[in-house]
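Given below, in the form of structure tokens, are the structures.
Two complexes come next, and they have one chain in common, subunit A, joined by subunit B in the first and subunit C in the second.
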Partner chain A sequence: MDQTFRKSMAWLHTWAGVVLGALLFAIFWMGTLSVFDKEIDRWMMPDTRLAAPLETVSLDRLLPQAAAEIDPNVGLWWLGMPGDRQPVAEFWYVDMNGEWYGPAFLDPRNGARIADQGTLAGTGFIFPFHFSLHLGWQNLGYWLVGLAGMAMLALLVSGVVIHRKIFADFFTFRWQRKLPRSSLDLHNLTGVLGLPFHFVITLSGLIIFFAIHFPGVVNSVYGGDRATFNRDAFGSFQREATGAPGSLAPLDRMAAEATRIWGGDPPGFVRVWRPGDANATVEMRRTRARSIDMNVDAVHFDAATGEVLRTHTAAPVVHVQRFIAGLHFIQFEHWPLRWLYFVLGLSGCVMTGTGYVYWVETRRKRHAAQGLPGVRIVEGLTVGAVAGIIIATLAFFVANRLLPLGVTFAGQERAALEVWAFYLIWLVTFAHAWSRPGRAWREQCWAIVGLAMLAVVLNAATTGDHLVRALAHRHLWPVAGMDLLLLAGAPVATLIALRLTRRRIAARPSQDALKAAE
Partner chain B sequence: MSGPDAAMPQGVLLALRILLVLGGGYLLAAGVSGLAAAMLALVMPRVEAVVLMAMLAFVVYLALLLWGFTERSRALLWAVFGVGGLLAFAFAKLIAWSGGA
Partner chain C sequence: MAGWLLLVGIVTAAYLGFALLALTQARPWQRLGQTAPPTGIRRLALRTLGGLALLSALVLCVVRDGPSFGALLWATAISIAAVAVALTLTWRPALLRPLAAMATAERKVRYSRMETNGKGTAKVPPNNPTRP
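== the complex of A and B ==
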């Protein structure tokens, strides 16, 4: 719509970035942390730091014990098997109104229920934030994330188009130059090196939720019949309840049969539909730990007899979709790749953040001269969106270590209080950023340093699993990893704080940065 | 259904274009993908047709977004995103309403 294709793309890149960058940073940040969501769970739920021998798990012991304390007349039991990253079994149930209750964690060695840890932690707060923003109303969060995802793809394409020398950017980072130049270097470096990852991770993230974002495509073939679509695509299956009481045949035998069908892969989770009813069924789902794709392999058993009723495996195109979803979900066990995802996720955060810094710094002088409010507004937005969400996340961790188990305040349970700490602190960082322009970046970087160190100290003080002890025991490595990342983050934040302090001396958009902004 | 008046202020024109490209582009991508899925369902298993087109719909939408922010002819944009988007979406809805392909 501008004179040239390249200029149109530059316009799109600038404005899509400024308008949606804050949302994109939040999604990237939470997604990056979600790479280690179960490790964060261990850190935030100290009683689940078990050294569990996996061989001893018996479903026939675990499931009845887990369900012992609940009304037998429910819609569904769900049991997640322990694994390499989660040493505890996880139990949920669904009541007759479709409401989910859980998770309850079980010691797989004896089936004992672990005391409620009073936290949503990584898998309950950070991971869902990544794709839903915890905005449940009308799936609003999913749609905002979808919009941000489409914007991200448009930003990547337009970013490549407006680029002049992609190869040189592989090697260019002039840290000592003035801020517009060094932030643009860093934006280009992370953008170019991370390009394949950023494109695939964004597109795959969108494709996971195809049925939410393009319900019309499903409906144009299935009408409104979602149940049939879910059966065809994902192997969903259940029977009408009879109302007559039923029994439960040995689950371990069913698991052995499913394992045999899957060539040695055990179940990853088990569902019992309408437990206690004569028409109850047991659904075993194949583990996703051993291959990239989020397989939808299922074996459905008659709960009373243990007889196989149905098996399901993905059709070819569905399999492609599940592979793409698996690329994003990383449920497979592979530590080097998991770390690579984490590093590349961080590179996406750096790219988003430096894009903002560049926008602000190249306009600072002109906006000041013309009395425009843009720079001030966007700089506050940037500080709150980038440093602020990191501070809020650290506050979430610190609150987790400070609040005693079972505490309630103003009618809120402990888990909700942690979430309140996150959002309130995040709001405060925005208020701080807009009220102290020029100093907000630096001060919030120092807050990150302080909170990160505090979190490490509090973990050692409240759980006794300090770094040395955690490193010495394999089952505490998730805790050690979390502490090490917190400790590594502190000097990085220090460096940035110092670098931004130096900037105040000579904050002028340099000539070469302006040229590059064309 | 001609383009908006050229006398309109730039800001309004831009807001209209953003709405048209985001909204009309979505309707067009969803509608065209839905119609393609309905047709493909005649020659391949229908679950496969749905998942294939629902995945490609994101790529179609991306291409439409990029084109929508570079095309200079507003009349063409209104024809494709406005008229085309509404028609494709309405037609796909009609098929869905009649119980699907």
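== the complex of A and C ==
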């Protein structure tokens, strides 16, 4: 291949990687955890670990009971049906100003409201972090993630271009070699063998947010009329409120009718628009548990009579977009695939992390000799971005188990305190990484080991659902899975701590030199 | 139950497929303590068998979950199977020796025939156990 081209690709790969790698790691890490967001919810919200006999839940009982506790004059009720991964029903409402309130969790057996667990947990913190970085201002987070996604695609392509022995090294990982070699091997191994997944997951992630990143698409066809676009594409439908009071026909009958229309698939969530108004509509949305594509099938009913007003299903182009989105969102029920996604997500984390290690290790001597600060800066960034975010996540879990329910501090509610713990600890890891070069890796890996074990112990101590008990009950398997992964993470972190510091033990320079000379 | 059995079959077929493909390459053979991978018709046979194993994994995936979930299951499972083969070669290369022995079985026969012909010294397949 043309050497100039390869060199320019190498330059692109190196610098895009160094500049955006920290962001990419954060996105990959949070995305990987989001694969099990609802399981993390169960771990962090002990009262929702219900042994729910998942029989048909009466909507006529659930929804009015949930709504009875709120202001009757609202714009929307939203009810998520309980399912395999979430044994509780989830209730939200939107006030007249468009503000969302929730979630409130309901016991599907009797409709009782479960006490506020005081946490954002997996679906409220980790999952949104993955695509928005919780930077709401001007959609900044979405744009940064979009930028990182585009960079990721460029990194994947340029990485393939600059890889000289893509087939000869297809199965090569020389763990025993010096750190630059072994980290590059691992970077290549996860990069090449995970390439199909990494490419598809990144591209699909970008396609999900087409309306934010490419608003011109909607603007040029619909002249900026989002409401019409949303109706055509996703089946949004509302009626003007009359102001006159209305009634609510039996919801279970509407659900049965929707299920019949969808050939046996039940609703996944239900919305009631302008409840209480004479013109209220009930919207049933088909479950997304049974196919890859995130269908937009909807049936709208007249709330008062229960008559079908409108049915919607995706047009071909939308169907393609929803299939691609579904590949990314994995809202379907398929445990083997969920685990495969998780492992492949971790492989993306490994790829990003080892890329950084390689950059630092190949420049360490030269920068030291020339007095350049680059290695020190990037090594601190790497440790904080890789080990640091893992420590911060574990601190988030530990804080969840330590903070009593209902606690407030400095005007912050419990859920916010957990998030504060995450960000403060993350900041501390960066400070630590920059102030203790050379030792930061090892020390932060040990911190991961300690926090992971502590989280498992605290879960057992505060909820009583220790590993043995959790494994024995099907409904506690999400808790057991989380504990097991925490326990599995500890030896891996130990191994990495030992490996990353081995080069400081200068016992075998001759042997390494011999191998390098081969 | 059938779902679990098929899953085991898929993982086995995918792993075996990549292991066979790895045995046509130089570096994996070095890890196994041998100098050169098989050549010619034998290499072609290994590649064909490896490809067929991967294909059968796809068939099992589609049988288990239908074309849509099956294809996704296959695409993700084979990535991880390939990494598993690479990690086996790194940490437990001995596990692949039986497979390697099968791949070279016929060659050994030919060597022994040469010995019975009485031509020269006893030859053994190139083997260099000093390599890690």
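Assume the second predicted complex is superposed on the first by the 501 of 518 C-alpha atoms of A that agree within 3 Å, B and C clash if a C-alpha of one lies under 4 Å from a C-alpha of the other, contacts with A are read in each partner's own complex, and residues count from 1 in each chain.
In this text, a residue touches a chain if its C-beta (ideal position, glycine included) is under 8 Å from a C-beta of that chain, and two chains touch if they have at least 3 such contacts.
Worth saying up front: this structure is predicted, and the values here are computed from it rather than measured.
With subunit A as the common reference, the superposed partners subunit B and subunit C fit together side by side.
In the superposed model, A:Ser347 lies in contact with subunit C only, and not with subunit B.
By the touch criterion stated above, A:Leu144 is placed in contact with neither subunit B nor subunit C. Once chain A of one complex is fitted onto chain A of the other, the partner contacts of A:Leu485 are absent, as it touches neither subunit B nor subunit C.
Measured by the number of subunit A residues touched, the leading partner among subunit B and subunit C is B. Once the two complexes are laid over each other on the shared chain, residue contacts for A:Thr190 go to subunit C alone; subunit B is not touched.
Of the two partner chains placed by the overlay, only subunit B lies in contact with A:Val318; subunit C stays clear of it. For the combined arrangement built by superposing the two complexes, subunit A sits at the apex of an angle of 90 degrees to subunit B and subunit C, based on C-alpha centres and given in steps of 10. Using the contact criterion defined above for the overlaid structures, shared-chain residue A:Val308 touches neither subunit B nor subunit C, since it reaches no partner.
Our summary of the superposed model lists a minimum C-alpha distance of 21 Å between subunit B and subunit C.
Put simply, subunit A uses no single residue to touch subunit B in one complex and subunit C in the other. Of all residues in subunit B, those touching subunit A in their complex are 17, 22, 29-31, 33-35, 37-38, 41, 45-55, 57-59, 61-62, 65-66, 69-72, 89, 92-93, 95-101. Here subunit A touches subunit C in the complex through residues 167-176, 189-190, 193-194, 196-197, 291-292, 327, 332, 334, 336-337, 340-341, 343-344, 347, going by the rule given at the top.
Of all residues in subunit C, those touching subunit A in their complex are 7, 18, 22, 25-28, 65, 68-69, 72-73, 75-77, 79-80, 82-83, 85-87, 89-91, 132.
Of all residues in subunit A, those touching subunit B in their complex are 1, 5, 8-9, 11-12, 147, 150, 153-154, 157-158, 203, 206-207, 210-211, 213-214, 216-225, 229, 232-233, 315-318, 320-321, 324.
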